[in-house]
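Each chain carries a letter (A, B and C) given by its place in the written order, and its residues are counted from 1.
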Amino acid sequence: MKSLLQISNDQKFNAPLLFFVVVTSQIAVGIQGFQRLIVKDATHDAWISILLSFLFSHFIVYVMFKTLEIYSTNDLFGIQLDLFGKYLGHLINFSYVIYVSFAFFVVLKNYTEIITTWVFPNLSQVFISGTLLILVIYSFTGGLRVIIGVCFISVVSTIWMLLLLLFPLEYAHYNHLLPVLSNDLVSILKGAYSMTFTIVGFEVVNILYPFVKDKNKAQKYVHFGLFFTCFVYVFVMIVTIVYFSNEQLEKTIWALLTLFSIIKLPFIERIEIIVICFWLIIILPNLCLFSWSAYRGIVRIKNIKGTTFIWIFTILIFFVSLPVQSRHDINRINNIFSKIAFYVVFIYPLFLYIMASTKKILKKWVKSS
Amino acid sequence: MFGMKKIRKINKSNDSSAKTEAKHIKIPSSKVEFIEKLKEITHSPADLMIKEISDTITIIYVDFLIDVNTLNEQILPTLEKTDCATPRIIKESLLVAEVDLGSELNKCVLEMLIGAVLIHVEGNSELVIAKISAYQTRSLTTPENESQVIGSQIGFNESLATNISLIRRYITNPNLSNEKYVIGKETNTSLSVLYIKGIASEEYVNTVRQRIIDLDVSDILDSAILTELIDDNSLTIFPQMLLTERPDRFCDGLLSGKVGIVVNGSSMAILCPYTFFEFFQSREDQNLRWPIATFLRLLRFSAILISIFFTPIYVATLTFHYEVIPQPLLVPLSESRAIVPFPPIIEALFLELIIELLREAGARLPTKVGQTIGIVGGIVLGTAAVQAGITSNILIIIIALCALSAFTTPNYVMGNVIRILRFPIIFLAGFWGFYGIMFAFCLLIIHLLRQSSLGAPYLQPFYPPRWKDMADSVIRLPLPFINRQPILTSRKVNDKASNNNSSNEEKMKQS
Amino acid sequence: MRKIKLILILLICCSLITGCAETKILERISLVTLIGYDNGDEDKVTATTVVRQINPEFESRVETQTETEATSKGTRIKVDMKTAKKLAAGQLRVVLYGEELAKQGIEESIQTLLSNSEISTSVYLAVVRGESKTLIEQNYEGISDIGQHLYNLIDHNIEQQQLISSTLHEIGRDNQSKVRNFALPILKKEGQFIGITGTAFFNKGKMVGELPSSDISYLVLICDSFKSGTLELSLDSESISPTVETKGDTLNLAVDSIKSKSIIKVTDAKKNEFDLNILLKCRLLETSNKIDISDPKVNKTIEKAMNEKIESEISRIIKYTKEIESDIFGFGEEYRSQVRGANLTEEKWMEMYKKMKLNINVDVEIIRNGVYE
């Protein structure tokens, strides 16, 4: 297999860090406004939708690892090259790179939008994307070790925000959660489908896999990570449901931020302003991981240096992001992205697994006969 | 195996380079020629002493560098007794501890400049080198920059020999290795690389060796210069090696597997690899009961955060985010700001500058005057500034708090870094509020993640997370819980394990 | 080299875009702490704002400005033209509505407040008897900043459970909910003071009725868990005789609630029947007559009389809310959450609410009285 990867031990990282990678990759801009999308279909049973969506993600991760294990040390791009041949493989790799770049773009744009609506209405979007991209370049050029480090610190330094969510419970009406399961299965599934935009991100494991030191433990930590984010999302959702009325929630664009806005501490008020700025460190690892995945894909097509790549990549993104300004545009982009992401993250791995395993069986069969 | 090979290579290259640099000059066997040659090499300085003991024997030394008593009582009588004329016999009959034979003039001259007596015997092209160097050193005193209440009160001085003897007093162990190097083309400064074999990782020792050998400098006057030269990244503001004047701290480092460097002429010894968090630990933490030590460490770490971010937060809040101020604070804050004519950023920079100036003035002045300057300047200037309406009194409190917090950092070099870091962040806060602060925070974190010390991650044991080493990092657990050889320095074991892993993988692949 | 390049680009970026963020330096803005809305001419709304100005003389001055315009933003622009410093609403604490305007509907106003990210959702809303303008513009002795004063007034009363919490968030939530209505406190100018005189009930954003302040404790008892409030009762002497003798016709009691729990249960969904169980553990603070509370018999009798009294008061209040069609207690919410497939709409629930049958069940327990028997 020519697509095999040679990775030195220095570049590898320990499996437990995958936990942090998965958590950060799943929690980004989506969590600030996902409630309204799900509640639209699943109303107060939205938390069940989230559980369902995570159940499905666990299954997908399981399938993903089955696929990766067939190839022992190879990433998604290598597997695609092996399965689809040189030309089609490169084409699919390239479209995956486009998908990842799209994800990068969506995160960047949504965060910019939040900053401009809540904190600095007059701050130019050019500046915000510019500064974000500088951070991405700086961490990217440090290598994978730094990127994983950013993931780790991002989780550790933002975990306190969960505690803040206990404050709004003062205004909670717990009967908003009842009656459990009053919606039909279809609407709950629809809600689960709406989770796509929020839940995606863990597919970077596909590309990180060869860089994990002890691979037999990797899957365990990915599942842990999923489990933790599931807890976070369900917790946030339950707090949101008991805090808002259903009708109000459908009109609230960033329910999480509105939740934060009622918190009053003796030394500080309006925590959402601080939280929004702090969110920078939550989206930064996402941007880094996405740009890094794009780089891994591009390297398969043309061998270029990481520094060159990241400069070209960020400059391209920067110019593409310029014309997108209004809420309307961003909403449309989010919708398109969540549709694409659903197929890429939840359907495609199944297809890939079937392909890979049939190929394996065929090979065995050819050998034996 | 790999390490050994490397060392051999290094030695070879070292030898060859030495040959090319210093021309091999033979020692003339005739006395007159020898003296002339010697004078030519040393440019006949005023303190070069040449004594002809007899017709055949001449001794040469540099005044004030040698121990005159030994010369008078041991060497001169022996030389007078022995008429027999080979250097070998003289060497054996001399009652001095360090005696050598030299056949290379340049090397002999260097030895003489360190403090040896050269004995030339007519007709022989070999010299007897009797090393009886003696020079004035400062007596051992308490370490002034790293003072501590509980613990030993002794500090290094400027003599390499004294320092090493101090270290040997702490660690009586044959495994304590001492490798000597001479660097600096002009100064020929000698330095020792110390480590404990079996505890220190070979990898780090090799790296240090390699970096010292590769150095191509004209002079090293202090160990601080050496750290900058052999750092992983000398462009960053953060120190990556520890400079300490405490032998106990130095030995503590050696015992936990670090590599130490002692430079002649410098009262600061170097320890490496050193990580970010270790810079905020004091040796005293080990000497205190663990709950107190933990509390002090947590206090210090919160002090860093306060010191870096408090003033910027003030600036950001008052410039952009007035919403976050709770109602009871609103009135006092705004009233104290009411007569200040400048925007908060100018106000804050102005006060920070005053504090920095006071500190710098205090550091340059004699100790007693310096203290007075600090107190008087602080109180008088602060009160006057508030009364004149240039700053608000709440800011004075904040700035004082920040300054105070910065001084809790036990390491002077790191303390400077913490103080200086605030300035760019104040600028960012003044322009873009909390967003600017967060930008700086992210930049700082990425920067720290990118750093390494001798190739070891700078943020260990926090990242990559080493749970076992956490026991002695931001907190300090009771001594039985502390691993004396952290994973940081015993990386060899780690690598082995992972190598096994990868070889297993390969096997799996093959099968 | 790479690093130098990076720093260079950072500097370029910074210098290019410097000064783009709009500054709001604390002492250079006018902080709006209170807004009062009143009915203006025709369709217009009169807004009276209290603006805190910070002067160099180490004291803050409070200004009031009144403007009439079709939209609240319009009034803001006009007020901006009158103040020396830029207006900023981020420290807004209280929004008042004139009685007249409240009766016409304040739904749009609530929507506007909610969608403005500058304004916190913890702002308190209240209704003013008469016009809010006259209440705000009056000079009160001893009240230097009326905005802060009103905020503290409402805040501490809510904390002590003498008011139903009326933050913007809760009002917005109940207003948009199909099965719930909201109530606001009524403020009134009383000479040199401002007092809370009652509770205004709303339906679809319009004020439809009110109850005096003496009934607030019962409202809190039904809505919330009553933890720190004081309840004043006057028991008929008939209900407690002959165990306890009274001087006059009534025995006046004041109890301090320690813990209370109110549970609304749908007992029969088809028949539209509800149970309201209230458990109240309290401390007897004051009685108009000397009674021997340590006697278990007396204790029992008083508890029983209190039960009856509270039950009758509550049924009176609920009857009133049925009349004015305002369900602020969340019976609809309970119905929705307890009955599967309820599919309530606003109209349907109102019809049901009016016909609702409610069994009230109060259980008072006097745990202790003072330190002296």
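The criterion applied here is as follows: a residue touches a chain if its C-beta (ideal position, glycine included) is under 8 Å from a C-beta of that chain, and two chains touch if they have at least 3 such contacts.
Composition by chain, UniProt nomenclature: A = Spore germination protein (Amino acid permease); B = GerA spore germination protein; C = Spore germination protein.
Note that the structure is a prediction, hence the values are computed from the model and not measured.
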Chain pair, A-B or B-C, that carries the greater number of C-beta contacts:
A-B
Centroid check, CA-based, most central chain -> A
Between chain A and chain C, the Cα-mean centres are separated in Å by 41
Could you grab the centroid distance between chain A and chain B? Build each centroid from C-alpha atoms only and quote it in angstrom.
44
With chain centres taken as the means of their Cα atoms, state the distance from chain B to chain C in Å.
66
What are the residues of chain B that contact at least two other chains?
320-321, 323, 325, 327, 432-433, 435
If you look at chain A, which of its residues touch at least two other chains?
120, 123, 127, 131, 138, 264, 269-270
Could you list which residues of chain C touch at least two other chains?
21, 90, 120
Under the stated contact criterion, what part of chain C meets chain A in this complex?
2, 6, 9-10, 13, 17, 20-22, 90, 117, 120-122, 165, 167, 169-170, 172-174, 176-178, 180, 330, 333-334, 337-341
Residues of chain C defined as touching chain B within the complex
3, 14, 18-19, 21, 23-27, 29, 31, 52, 54-60, 88, 90-91, 93, 118, 120, 148, 151
Contacting residues of chain A [partner chain B, same complex]
9, 12-14, 16-17, 72-73, 115, 119-120, 123, 127-128, 131, 135, 138-139, 142, 145-146, 149-150, 152-153, 213-215, 264-271, 273-274, 277-278, 280-281, 284
For chain B, which residues count as touching chain C in their complex?
235, 317-323, 325, 327, 330-331, 333-335, 337-340, 343-344, 431-433, 435
Where on chain A is chain C touching in the complex?
117-118, 120-124, 126-127, 130-131, 134, 137-138, 141, 171, 173, 175-179, 182, 244-248, 251, 258, 261-262, 264, 269-270, 307
